[in-house]
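Take a look at these structures.
Next come two complexes, and both contain subunit A; in the first it sits with subunit B, in the second with subunit C.
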Partner chain A sequence: MNEGGPRGKGRVVGLEGSHAVSEAVKMANTDVIAAYPITPQTHIVERLAEMVADGELDAEFICVESEHSAMSACIGASAAGARTFTCTSAQGLELMHEVLYVASGMRFPVVMVVMNRALSAPLSIWCDHSDAMAVRDVSWIQMFAENNQEAFDLTVCAFRIAENRNVLFPAMIHMDGFYLSHVIEDLVIPDEKEVRDFIPDYEYPFPLDPERPVSMGCFAPPYIYPEIKKAQEVAFERSKTEVKSVLHEFGEVFGRSYELIESYRMDDASIAMLMMGSISETAMLAVDELRDDGCDVGLLRIRLWRPFPFEELRDAVRDIDTLIVVDRCVSYGMGGPVCAEIKSALYDEPRRPKIVSFIAGIGGRDVTVDHFKQMFMQGIERAKSEKTKTDEFVMFGVRE
Partner chain B sequence: MKIDIKWHEVEIGAIVKEPGSASEYKTGDWRSEVPVRDNEKCIKCGICYIFCPEGCIYRTEDGYFDANLYYCKGCGICAYECPRGVIRMIEEKKE
Partner chain C sequence: MRGVWCSAGNGKQVIFCDGDFLLMIEICIYGRGGQGGVTLAELVAHAAIYEGKHAQSMPSFGPERRGAPVLAFVRVDEKDRIKIRSEILEPDVLIVLDESLLGVGDVVDRLKKDGTAVVNTNKKPEELKIAHKVATVDATSIAREILGVPITNTAMAGALTKATGIVSLNSLEEKMRERFGKLASKNIDTMRKAYDETQVRVQQLSGERGE
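Let's turn to the complex of A and B:
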């Protein structure tokens, strides 16, 4: 996790999260951008539109009439071999939902930033992960950023990962709406040339080309569909290796290294809290305070959400007794979706921690250091109690 | 048509590199009724040819029309549109 100030090679600037992403997309020399504005994502495309209009970025900027069209335009451009980018939030992500499967099924390396926001109804423009959780199964590589530096870095890495010949899957970077999108942080922006060297021009293996005609997006009768889907699943799972190596190579070049699962003060910890996104920076402060009080607590944060980092998760929780999972979304009739996946990933382990599930920070409700300390305390108590059933979860901070 | 492709032989994104391969796909076995013609009534107007959504009706050497049963899905539009009642749809018995 990013302790202390900005580090790595480059110049330190103050940028809001949205503009950090726009900068990364510009440095990646993106060819086609197609997006529709939606809060809290809008600043990304606003800035990109400016860059294209001012001649800072030589790209086609397609003003589309919906997110469904945005994703469709990206797919078309990607089929022609272009490097493409789009971004959205909440309802916009849902509107492009069916097209997300097309991008991954056709193996187009579209890069998208999702500025996480709660889904309606009731209407909320504020942050939670309900939009992200609705697209778990779309076969896109998905990573969650913790801060603006990471959002910049992961966006750069996303192009490199997605376009890798052994990957060729679209990639989604999740960032917390407002907490990151509208917050100005100091971060290190590397030299543009170095970013371009890190993401060289790529060639799609079979682009649309009248000289070499191919059929894309054909229909698949039952006698071939399962073979195609197995090929997709195997390739998707294998892309985890490439994600790992790109993140490590990024570290070598730019001085900031990222793991698939990040841990904080986990040495000799017997109790851990696990989450995704920006709230972990607050949770770290709670861990520090509890450590000062002599509690052996630590923190885990999932960065790579898809393909799911099974081995890394199992290694991370091997020595702990209690795992408290904090979800920022409700899977109705099920509980915390991240927690459910964690439990399923650990089911076959001979030694498993006791798992306690909290849902907090939905619809933009702030989660403070004190809240995290309370969740730690309640979680420890619940883990000890014989009465706690495995399917129970607590919606934290809801007025009774 | 090769239908024994293994999963590891599938092209990236299930791209088909051979153009026009859709013409190999037999849509004729979707059919439950087959068009049968009484050419004595036929005035060779070609309405069946124009309306066939599959484009599988062709002109025969003697100027009449017939359906290519490799592709004919048995939709019956030709029979419905024919102004002279040349075409009847007959249930096709499969062995």
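Let's turn to the complex of A and C:
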């Protein structure tokens, strides 16, 4: 989002992050909602159920007995040509896991909001990105929201992107559980009519129809499976262009535009910190304070996580010497998953920054402005030190 | 009333100036599960947004248990959109919904030096061993009398407004109507009565705002 710019078209309201999503789903005129409640996603479903019951939203609300069934129901509805929505968190996302591949493999544009939460065990209802990282490879378009405004805007965009004929992939919006789901803040909600104009009616090219029977999700023997998967990868990669153009068009219509990689105070920065999700706004305050002290630091955030924006990332880090990556998840035996991807994306660059990895804020551990300043300082030292190994990562603030 | 952090005592405090907050105001609400602290945080944030300010309410993230200490947070900023999302460690205002919590944890110690404590108690401000500016009101009695239950959040909304003026009674009233439906009018009466009965003791300010 353009910092300091106008807040865009619409009226200012106070909304909880969950309800901002429900509002977006309602304005998108969604046909079918199938979801199973799980903390911290529950309020989205509650509000949508209310909207359907009160007649505010003319949709089919399917009460399912599990997340596995929720996703299966969405796939069926999407195949019949319905605009579908679901949402979940953590264990719920894991329970859907096998069905996620079916949605993308069959090219159904289901939209899902994932209220990011840690995975058990030990049981934690609090925020981190281990649920998101477990579904990196499912061929869903995935974007991260940093605040409730973005949660609303990206949910609206997700329908438009997913249902585009050149895309036809499901889309996932990640937002931080509790830090956004249960937080009320001021945001701008556009006119419902304008949202509906922005998202044309969903028309699946080959909907289930008793008059014209088709088989979907057929058996694919070895002589055809790789070709199908190659086609899927090519189409998925290409959808990036569509993501970019929808985000920009959203900016033109509503006055708030988004980039695949977002930057904050990156002009003439030589040190950058990179992350995803809601902690980034707290990190901006650390950047401001360090800039006031004369440090040339900036901030990068990944908006589009899948398909990965390689080109945009390379452009964003071209002139910096040190890149500090803050992950909100552990890939056991490997380190920070985002950091690993950043390293691989930059491996072939002739000039690449020294990359330092931190893991912070897992299981809902609070990350403050001071913590970010400490990570900047420690990160700069580690980048300079000869002793720092390339596979080293630090779990910040952990008592040992 | 807007633009001046008024108190029942001597009128002004340093935090509001010429219609602007000089800084973001951070409020911690300390209560027990079931007393409505999270709802109070939400009402204050909604009221501030209704007044055209930027605001954020945030529960302390945990499973709710009736009777257990619960923290909720509110931030209000007249000028800038609020970016910070970490928990409030050193609030400008501390609302204590249950007097028995004053001795639990270090919540009072973390109140900023020139901050304000708003406490539900039947004691007078000077009877509390708190070095800060203190406002007191017997919210439990008022809530029992008007609502018939010891849920003190809406009474404490009145006390907050009397002690700080961060949001107006009218905006709170508007948001209570939206939120509580037919229960609104009793809660509004509770808030107004608590506003009238809140006593404020103003501390000598040191001049600088303590960080």
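In the analysis below, the second predicted complex is superposed on the first by the 394 of 400 C-alpha atoms of A that agree within 3 Å, B and C clash if a C-alpha of one lies under 4 Å from a C-alpha of the other, contacts with A are read in each partner's own complex, and residues count from 1 in each chain.
Definition applied: a contact is a pair of C-beta atoms (placed from the backbone, for glycine too) under 8 Å apart; a residue touches a chain by one contact, two chains touch by 3 or more.
Everything quoted here is computed from the prediction, not taken from an experiment.
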Partner chain in contact with A:Ser215 - subunit B first, subunit C second, else both or neither: first
Which of subunit B and subunit C A:Tyr223 touches, first, second, both or neither: first
Subunit B versus subunit C as contact partner of A:His182, first or second or both or neither: second
Contacts of A:Gly14 with subunit B and subunit C, given as first, second, both or neither: second
Which superposed partner A:Ser130 touches (first subunit B, second subunit C, both, neither): neither
Parts of subunit A lying in touch with subunit C, wherever the complex brings them together: 7, 12-14, 16, 125-127, 178-179, 182-186, 278-279, 281-282, 284-285, 364, 366-369
Subunit A-facing residues of subunit C, complex: 42, 45-46, 49-50, 52-59, 61, 63, 81-87, 89
Footprint of subunit A on subunit B - complex, ascending: 3, 5-17, 19, 21-22
Of all residues in subunit A, those that touch subunit B in their complex: 105-108, 168, 205-206, 213-216, 218, 220, 223-224, 226-228, 230-231, 234
